[in-house]
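In what follows, chain A forms one complex with chain B and a second complex with chain C.
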Partner chain A sequence: MFSRAYKLAVALPPLAWVTLFLLVPYLLMFCYSFWAVASGNVVHQWNLGNYHDLLVKDVYRETLLRSSWIAARVTLFALLLGYPLAYFLSFYAGARKDLFYQLVIIPLWVSYLVRAYAWKTILGTDGVLNTLLQFFHITQHPVDSLLYSPFAVVLTLTHIYTPFVVLPIYAAMEHIPRNLVEASHDLGASPMQTFWRVIFPLSAPGMIAGATFAFVLSLGDFLAPQLLGGPSGIMISNIVVSLFGAAYNWPLGAAISFCILVLVVSLLALAERLEKKWSYS
Partner chain B sequence: MELLVSAGGGAVQKSRWLPVHTAAVYAFLYLPIVTLIVYSFNGAGVGGFPPRNLTLNWYRILLQDEAIWVSVQNSLIVAVAAVGIALGFGIPAALALDRADFPGKALFRRLVLLPLILPGIITGLSILMLVNVAQVKLSLATIILGHGTALISVATTEVFAGLQKLDRAQEEASLDLGANYWQTFWRVTLPNLKLPIIGAALLIFTLSMDEIAVSFFLIGRDNTLPLEIWGRLRRGITPEINAISTVLFVFSLLAIVGWYRLRAGSTGPREVDQLGL
Partner chain C sequence: MTSLLSIRNVAKTFGKTQVLRDISLEVAQGEFLTILGESGSGKTTLLRVIAGFEQATSGELWMGGERLDALPPYKRPVNTVFQHYALFPHLTIGDNVGYGLRIAGVSKADTATRVQEALAMVKMTAHAEKKPSKISGGQQQRVALARALVNRPKLLLLDEPLSALDANLRRQMQIELKALQREVGIAFVFITHDQEEAMVMSDRIALLKGGRLEQIATPREIYSRPATSYVAQFIGHTNLLRGNVEHSVARCGSLSWPVQAADGPVALSVRPENVRLASGAAEGSVRFQGVVRQQAFHGATEMVRVECADGQVFLIRLSGEAVGAIGTILPLEFSPEDAVAVRDVEAAG
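Up next, the complex of A and B:
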């Protein structure tokens, strides 16, 4: 029904733009990762030195592991908080479903940075939480370990990504035919059995989508750790930021970024396969 | 609907802890936002319980803070331009994915959608390298380039979802009746996609206003609002930041309400799409 000219007209402009401003930059990042810095300048000397550094220097491996551990905890907590919420929304909210759904969305309209900042004002030494604990005489002295710790980063990122985990799980649950639930009940399954044998497996693709989102985006975050993490909460992207700033080593920064890119793309591919495998339709 | 009701009441037994858990999660989601708003009226600074010396002073200071309003203006310029670029390329991209076949289509789809899930730092840095190699000076224009390009993903996802629900027969009829493709696009396709396009525009606008990871690397001399706030957070914090955040939150709420009015007026029940990946 659509002519060749039509197809060309709709495909060419976005294809050209995306190639020039996404594909070429990603490839350029790949090139940069094989270059070097000599006397404060980037020189186009192809070598594997940056990747070698990443392999042998402990700081990069340790920071990447710490970042993954932080991201894994964020993902776990977001699932633990988000899954029952999505379940409640889909099966129990009844007529107020729309309202409850909106209540999940609304926090997303408050700037990411501002929410991280709000946690900072809550967790600080003179912050809301500490002064509240002292006001009710629960503690005598402020608890210093709240802010500037991996805990603060995990808490803030969990807060930020929980809605992103709820939404796909909710969407998956909404697509579960209600007569399957009914059938399971009629055939004598207990509510627990119905949940574990029918609802849980059918909501798995939504869980994977949400978990991937939370893990990948918290893994690459550099703002929350810089704002709330302190020295023990430094993440891999903070190293990249410093390599592109004060430390001025773009090629090494590009090598780390490219590794993150490869990691993310592999995770996405894995998630996509799992979602396909576990979706029922 | 009948089944839904009976499933809620019978097949799935009501549990006691589920509503409690739900309430707790909502409390967790809203605690920082409520704190933020309450302390924007707190005379004694950003912390300290209970809040004391309630005042509108921080809003007064905010009103007179020229740097903030310049950055708001910059953010508005960037957001409007980003909406233009993202829709300008995202709508044809969605049409192409829906109805054209070309070599590399699968790769194209992945590439367009990648910035949606990739940490912003990667996209920001790679565009920075392009800008650097091309020897272009960093300015608001480079931020617009970054936002516009990254957010094509949002426009494409939304419009593509809209196209799936579009009745092809209308376009076919238009073509049969002698309209050319251009006329059909403007008079049939586009009006039918009005809601997804407005939805995408709102989303892109909001995401751009809030964006910081990509802007962080492409910033020139002019700050956007998030970068202005970021700069202040590192110098020491006052409830003025709470005040500007509260103002923005109120505007966002108004936008959501307006959007739902608009949508409720023209469609049936809402359908939830997955994150588009």
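Up next, the complex of A and C:
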């Protein structure tokens, strides 16, 4: 069909891009993770000290666990919000489908920072929520625990990543032929039975894709915990940022990054296998 | 003939479009009824009203002394074979067939036995463990049939189930389906736009046009005694003669013969096989001459298009006789009783 030269010409720019800006930096990072720091300078001396630190020092393991726990909650809440929304959009929105779809997408046009700061003004000590609570005499004093907590991080990340969960589920549902729903009713299944036996299994690949998005993006997030997390809401990426910045310990930062990378890539591989197993077209 | 399903004055409108108009018909126990019509005739809508996927705008459905149209689709003792089969892609063939039984709470052991029986009936036992995407269209068709019949419905609805199959497989499935229907004794309501298919398979045919029931009768009757000019033209070939009756004599162009009909305009259908080469033996037959304009050889018979002196064109079906080349003048005749008076729907609007 196409000549070898043509194929090569088309494939070369993206390949070069990926090699130069993705593979080479990863390789550098991988190398750094086996080096060390001595009196404020990186020493090119191969050793496993960084990985040893990660295993023995509780702070890293705990932060990674907390980050995973935050990401898991974000995933759960985004699914709980996103799945019914996608179901409604696909099956019951009727003529207003396109409008609702746009409404789901519009938040994605607003800068992440703006949305994170918006939650800051809502949850702060003198924020919208506390003012309201006091106005209605639900509390006498402002509730301080709203902002600068894991709760604030989970809330913000759920808000930000729910559209990423809605869209793949919605796409999966749009691909379910409607005559399958009719066939199920025809064979005696009530709408509830039809949902659990037909719609839910057929939308599972979309759910896995959405959940993967939400979990992976939340796990690596560092802005929301930075702005809203406070000391108790610190996530693993904040540690990486500080190691590469103020602490100037690139080798340790690289080691953590590499661990996260392995974790995320295996998650993605697992998700892809599950999606393949549960897709039928 | 005991009535199973009674459709009474059913009408359906979508917005401003009237899709079904005042349909009334009975489906008998164990009958193979075909609903025949062109696309847009409302046949699929009628099936969807019976299945419960659409609610009739007015009219009633009765089955065994019960209002069927008051029940949601999942409570009707009716199963459907969908046009594109609608097999569940995430379930195996066996689980597809067992779907209705599991929903109905039939025990695991009974479900397994009945699924086996149903698969054996459609010769698909070997494929029970496969997913629907791994079998051919014709096989999916059989599975869809088994999935519906395994529930032992009182009535089976089939929405153009053969339309996606190629011609050979289609003919084979027509015969199989008809044989299967006789075997299980369940009433079938079969939707098709193919008049030949309808003739081959049905006990009775209901012909729809523009949402209205034109005629319901046995294939033989609907062919030999079409009620309207539309029925006569839709089912098989015909020569439609339009003319006038005056003093019990029908006049169509230069032809005339005695009839027993009221005076006024008349439309008469003469089937091509009822026109024959004039022999002079038959008393009282209508005789005319025509020039051969076109011939089409069909094996056992030959369809010949002839033109009379007054411009009237006749399609005639001759068997065996050699009629000569195009341009030959043929002496022709038909018996007056073979000219069937039909309601002229075109002229009446």
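In this text, the second predicted complex is superposed on the first by the 281 of 281 C-alpha atoms of A that agree within 3 Å, B and C clash if a C-alpha of one lies under 4 Å from a C-alpha of the other, contacts with A are read in each partner's own complex, and residues count from 1 in each chain.
Quick note on the criterion: a contact is a pair of C-beta atoms (placed from the backbone, for glycine too) under 8 Å apart; a residue touches a chain by one contact, two chains touch by 3 or more.
This structure is a prediction, so every number in the text was calculated from the model and none was measured.
Superposition note: with chain A as the common reference, chain B and chain C can be accommodated side by side. By the touch criterion stated above, A:Pro201 is placed in contact with chain C alone, chain B being left untouched. Looking at the shared chain after the overlay, A:Thr75 reaches neither chain B nor chain C.
Of the two partner chains, neither chain B nor chain C is touched by A:Ser67. In the superposition on chain A, A:His185 makes contact with both chain B and chain C. Vertex at chain A: the C-alpha centres of chain B and chain C lie 80° apart in angle, rounded to steps of 10. With both structures placed on the common chain, the touch criterion links A:Gln193 to chain C but leaves chain B unconnected. In the superposition on chain A, A:Asn50 makes contact with neither chain B nor chain C. Look at A:Ser33: by the touch rule set out above, it reaches neither chain B nor chain C. Superposition on chain A leaves chain B and chain C with their closest Cα atoms 5 Å from each other. Within chain A, the residues touched by chain B in the first complex and by chain C in the second are 179, 182, 184-185. By the touch criterion given at the top, residues 3-4, 6-8, 10-14, 18-19, 21-22, 25-26, 28-33, 35-36, 39, 45-50, 88-90, 92-93, 95-96, 99-102, 108, 111-112, 114-115, 117-123, 125-130, 133, 145, 149, 152, 156, 168, 171-172, 175, 181, 206, 209-210, 212-213, 216-217, 226, 229-230, 233, 237, 241-242, 245, 248-249, 252-253, 255-256, 260, 270, 272-275, 277 of chain B touch chain A in their complex. Considering their complex, residues 177, 179-180, 182-190, 193, 197-198, 201-202, 278, 280-281 of chain A touch chain C. By the touch rule above, chain A contacts chain B in their complex via residues 1-3, 5-11, 13-15, 17-18, 21-26, 28-29, 32, 81-82, 84-85, 87-88, 91-92, 94, 98, 100-107, 109-115, 117-122, 124, 126-128, 130-132, 135, 159, 162-164, 167-168, 170-172, 174, 178-179, 181-182, 184-185, 191, 194-195, 206, 209-210, 212-213, 216-217, 219-223, 227, 237, 240-241, 244, 250, 253-254, 257, 260-261, 264-265, 268, 272. Contact residues on chain C toward chain A in their complex (touch as defined above): 51-53, 72-75, 78-80, 82, 84, 86-90, 99-100, 103-104, 131, 133, 147-148, 151.
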